[in-house]
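One chain, chain A, links the two complexes that follow: it is found with chain B in the first and with chain C in the second.
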Partner chain A sequence: MPETTQQTTFSRAFQIQMRVVSALLRRELIALSGKKGIGFLLMLVEPLIFVSAICVFFYLTRRTVGNVPVVAFAMSGYCVMWGCRFQMMKMMNVVAANRSLLYHRYVKIFDLMLGRSILQICSTSISFLMFAPIIYIGLVDFPVKPYLVVFSWLAVLWYGWSLGLITSSIYGLVKMGEKICIVIMVLHIWITGAFMMVEWLPPDYRGYYLLFPMVHATEMMRDGLFGNRVTAHYSVLYMVCANMVLTYLGLVLVRKLSQRGAMDDSD
Partner chain B sequence: MNDIAKITKSDVNVPLPGGKRKKNRSRVSPSFLQKMIAYARGHKLFMVMVVVPSALSVLYFGLIESDIYVSECRFVVRQPERKNLSSLGSLLQNIGISSVREEAFTVREYVLSRDALKIIDENLNLRKAFGSSKVDIINRFDPLGIDDSFEALYKYFLGQVTVDVDLTSSIATLTAKAYAPNDAFNINEGLLFMSEGLINKLNDRARKDMLSIALKDVEDAEAEAKNRAMALSIYQDKEILFDPAQQSTMQLQQVDRLQTELIAVRGQIAQYREFAAASSQIRALEKRASELRKEINAEMAKVAGGSESMSQKLIEYERLKLDREFSEQKLAAALTSLEQARAEVQRQQLYLERIVMPNTPDSAIYPRRFLNILAAFGMLFIVYGVVKILLIGVLEHHE
Partner chain C sequence: MIRIKELCKSYRTRRGPRQILKDITCTVHKGEKLGILGCNGAGKSTLIRIIGGIENPTSGSVTRTMSVSWPLAFQGGLAGGLSGLDNLRFICRIYQVDFVAARASVEEFSELGNYLQEPVKSYSAGMRARLAFAISMTVDFDCYLIDEVSAVGDRRFNEKFKNRLLDKTRDRSIIMVSHFYGVLREYCNRAAVLDAGVLRVYDDIKDAIHNYEQILYGKTITF
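For the complex of A and B:
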């Protein structure tokens, strides 16, 4: 680490960071499309393929869950699930893959993560926009409360970003990091509330299930999509607080990783 | 926070709370207040993001926020016939589709409806209870006096009343929150009472629907039976006959007697002819015999043959009697099915049983002041930490 120079103002530093992040973003895009001609496109539609395959599967097996069309139900659940998991998956090895870039003075570990996560947010959001054609062809009614759907999606992205920071730091910090990350990701199949609604659980157990922040997001999205047709249980305050705590945790871990990286360089 | 402090010291010179101790050691003289002000100047972000909001939260949660009283009751909606279908296992088997405990859910939907609120509001004046100036301004209904519409009240009401139905035991728990113990109790009791009314109404309607057909059948059968019985008695009255079978028996006995007499008379005539052919008795006896024969013929005609005979009457009589018997059987059948319908209604009758009566709370269990303050502290520190790290992250990009 070079010695600190206090002359840099905050706005100047911010400008530099934005420049770094946008350069990283462009670099990622070029790297992806350069490798395989349609790599970039493939990356964007990767979650979309997942979600639509699942939708087709559910559409062919069952038409409704309770009084809700199954496609919408599956979409809402899987979008949340993949919204979280894809960010974790893709951000996991970002530091290891771009280690050489850290020799540039301006490029920080956090910038690498930020660039990668922005790309991921775009690609998962495109799969989320699958709702639009499905609504258009009439498989799903227009959301009862569209704002709730949007808010919950933002919460999902936030959560995924925090978890991405955490997993990518763990990946770099701990020897068993990769294994731990995989465990966390598999766990997220179950703790995002993709397959069921809280209402279906006995009231005694609902509280435990609602400890997972993404269950709130899924419930909120379903409340937005279906309105009175389902009974949703969620607390926006809890979700936001949990996300905040996870973000803090993630940022602290990233700091740890940066320090460690600095030490490694000096060694 | 330790982490941040460490990072800060090593990377960038942004003042942090951790740096305070050093200053205190080096300079001893300034007063406590001066030190505080100096500290605040040095840590503007910390002051704005943590200290000030914490102070506000202590003020609000500790002093301003009103006591909330909670009244709770438990009830179960029962139907003798219905079996308990729900356990977690069967629930997971047919996810979401099973609509068990629908009666309890009916009550829940009713309690949380505008209908229920309307009646409760008419009786208890909820706008006054929730919107009084004793309630703190954040929890108060319509604090600014902008929107006291029914819809706003309904939205507020949904935050105050909860009904939870346990799927395994089907016991419903109704809780009402209010800012005075009596209000909480009254709302709870009122809602429970109205729920009972709803269940009774549902029962009445079901009973009416199920019994109306059976009742109509019985009425029809009854009227028909009456008509048949009436027709028979009118016929009996008209033809002056009580019991045609018995009456014809009597008449046949008469004929029998006459015939016996006739035979006796004939015997006598034969005797006279044998032994006293010139006797004048013969003529008298012959006369008697012919009279008897005539009499017998007349009597026989009454029993059978001829338009006025007993057998003719009997045909009509038997027809009417058969009609009456049929209609009586029909009535009996209708009455049986009515009885069955009654039993069915009885079996499908819903009961709202109060397990736990609504209580009048004697102390406020909400808000959890200390926990709220603690949570606010925690969250403020976390938010501060996040912002701080992000800022440091930006500042690392120095030239």
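For the complex of A and C:
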């Protein structure tokens, strides 16, 4: 790679990056809220609306899935689904929308993505905490294995972040990027395991379904929430490995996009 | 000092790669003020962007041992959705400048008044240039990159800007692209002509202009 700057030490570079990301975060908040502070609230409400709408829908149709309350079942699935999909969705066009900021040498494409994803991680995590009042009013029992719930949630965020890096890079790198991203997004409605459990499938087909990393996260979430009341199939090792591979792929793509330069619209 | 070494840049086009800059080697010392002339599409803005570090060269290197501003251009550097003040706030955070002092200076210098609270996308080209200049004046750079912005400001603002910039940059550098010879004569002490991807530096601006005119009228531009 051609050398364009003086060599900066790692700690100095890290300082600059922290500064830039925090400035970007504030910028995003201002842009969202129009300075009235409603923006962040709206961001929190957005995933909440989706989750609660689906809960109400399920609640009205039937009360239990197997021996698990339907609200809990729906929430566990949808939280996982939106945990990763929201990040992908919001990170997709972040580079195009902030291109003018790249005029400042310190601002890197990766920083733009990082700022946006931090904000999304906060908003989806806070709406994930919706579980707390629901547990409190007794609609859902307290998780049998809370650590699994937390670990699964972290895995979801990690996965969403990696996929966000991938989709936002594809969006910038390929002409058909937007279309490809939409396909990936729609696919993730089905391959996160939100609608069903692996146990419901014939044993021969479970292996194929478990190829999708997010199915493991959802199963783990349900194991954490319901314990022995459901039979969960998942492998922590597989999920972590898949996430690492996806993160690596994402970083490679971001690097490719950075080298190409987002200034260059010429493809 | 900015040292550009064997810099090449090509862009991908529909009919294959097109080389814009060919093997450019050039040094700008602190205090030097370099003007760049070139026909439309010669690669002046590309060169400025590469010097500013916001675009990567295809090969070669740019070494900066002094702080270099972002390229001050018609657009870029400012977020359209944010107000002028929020843009200033963002830039102050990135470059670690005290916001309160910077705000006072921008208000005074840009004369944009209440418009500073409006989103930048509602600004006219001239107003945007005023804001970009005013903000850039609040950050101390050793070298300012200016990409033909003097064309949009009105005369009074241009004079004000010139005085401020020359005052500020007495011992600093400017790299400037302009089609106006008068502007180049006022700001620069050296000039270069960018033609067919090659940069030729002249110690006398007069020579640069003379050669540029010959190139300009000696050929029809075909892209």
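Keep in mind that, in the parts below, the second predicted complex is superposed on the first by the 252 of 267 C-alpha atoms of A that agree within 3 Å, B and C clash if a C-alpha of one lies under 4 Å from a C-alpha of the other, contacts with A are read in each partner's own complex, and residues count from 1 in each chain.
Basically, contacts are C-beta pairs under 8 Å (C-beta built on N, C-alpha and C of every residue); 3 or more make two chains touch, one makes a residue touch a chain.
Quick caveat: nothing in here was measured; it's all calculated off a predicted structure.
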Quick one: is A:Ser125 in contact with chain B, with chain C, with both, or with neither? Answer first, second, both or neither. neither
Looking at the overlay, what does A:Ile30 touch: chain B (first), chain C (second), both, or neither? second
On the A-aligned overlay, A:Ser235 touches which partner chain: chain B = first, chain C = second, or both, or neither? neither
Contacts for A:Val245 in the overlay, against chain B (first) and chain C (second): which applies, first, second, both or neither? first
Considering only touches as defined above, state whether A:Tyr106 meets chain B (first), chain C (second), both or neither. both
By the touch definition at the top of the document, which applies to A:Asn93: first (chain B), second (chain C), both, or neither? neither
Quick one: classify A:Gln17 as touching chain B (first), chain C (second), both or neither. first
Output check: A:Gln259 vs chain B and chain C. Expected answer is one of first, second, both, neither. What do you get? both
Common interface residues of chain A - those touching chain B in one complex and chain C in the other: 1, 4-6, 20, 106, 259
In the complex, chain A residues that touch chain B: 1, 4-8, 10, 12-14, 16-17, 20, 65-66, 106, 108, 110, 196-197, 200, 202-204, 241, 244-245, 247-248, 251-252, 254-256, 259
Complex interface listing, chain C residues touching chain A: 11-13, 49-50, 52-65, 68, 70-71, 73, 75-82, 86, 89-91, 93-96
Spell out the residues on chain B that touch chain A in their complex, using ranges where they run on. 3-4, 7, 10-13, 88, 91, 95-97, 164-168, 375, 379, 382-383, 385-386, 389-399
Spell out the residues on chain A that touch chain C in their complex, using ranges where they run on. 1-6, 19-20, 22-23, 26-27, 30-31, 35, 98, 100-107, 259, 261, 263-264, 266-267
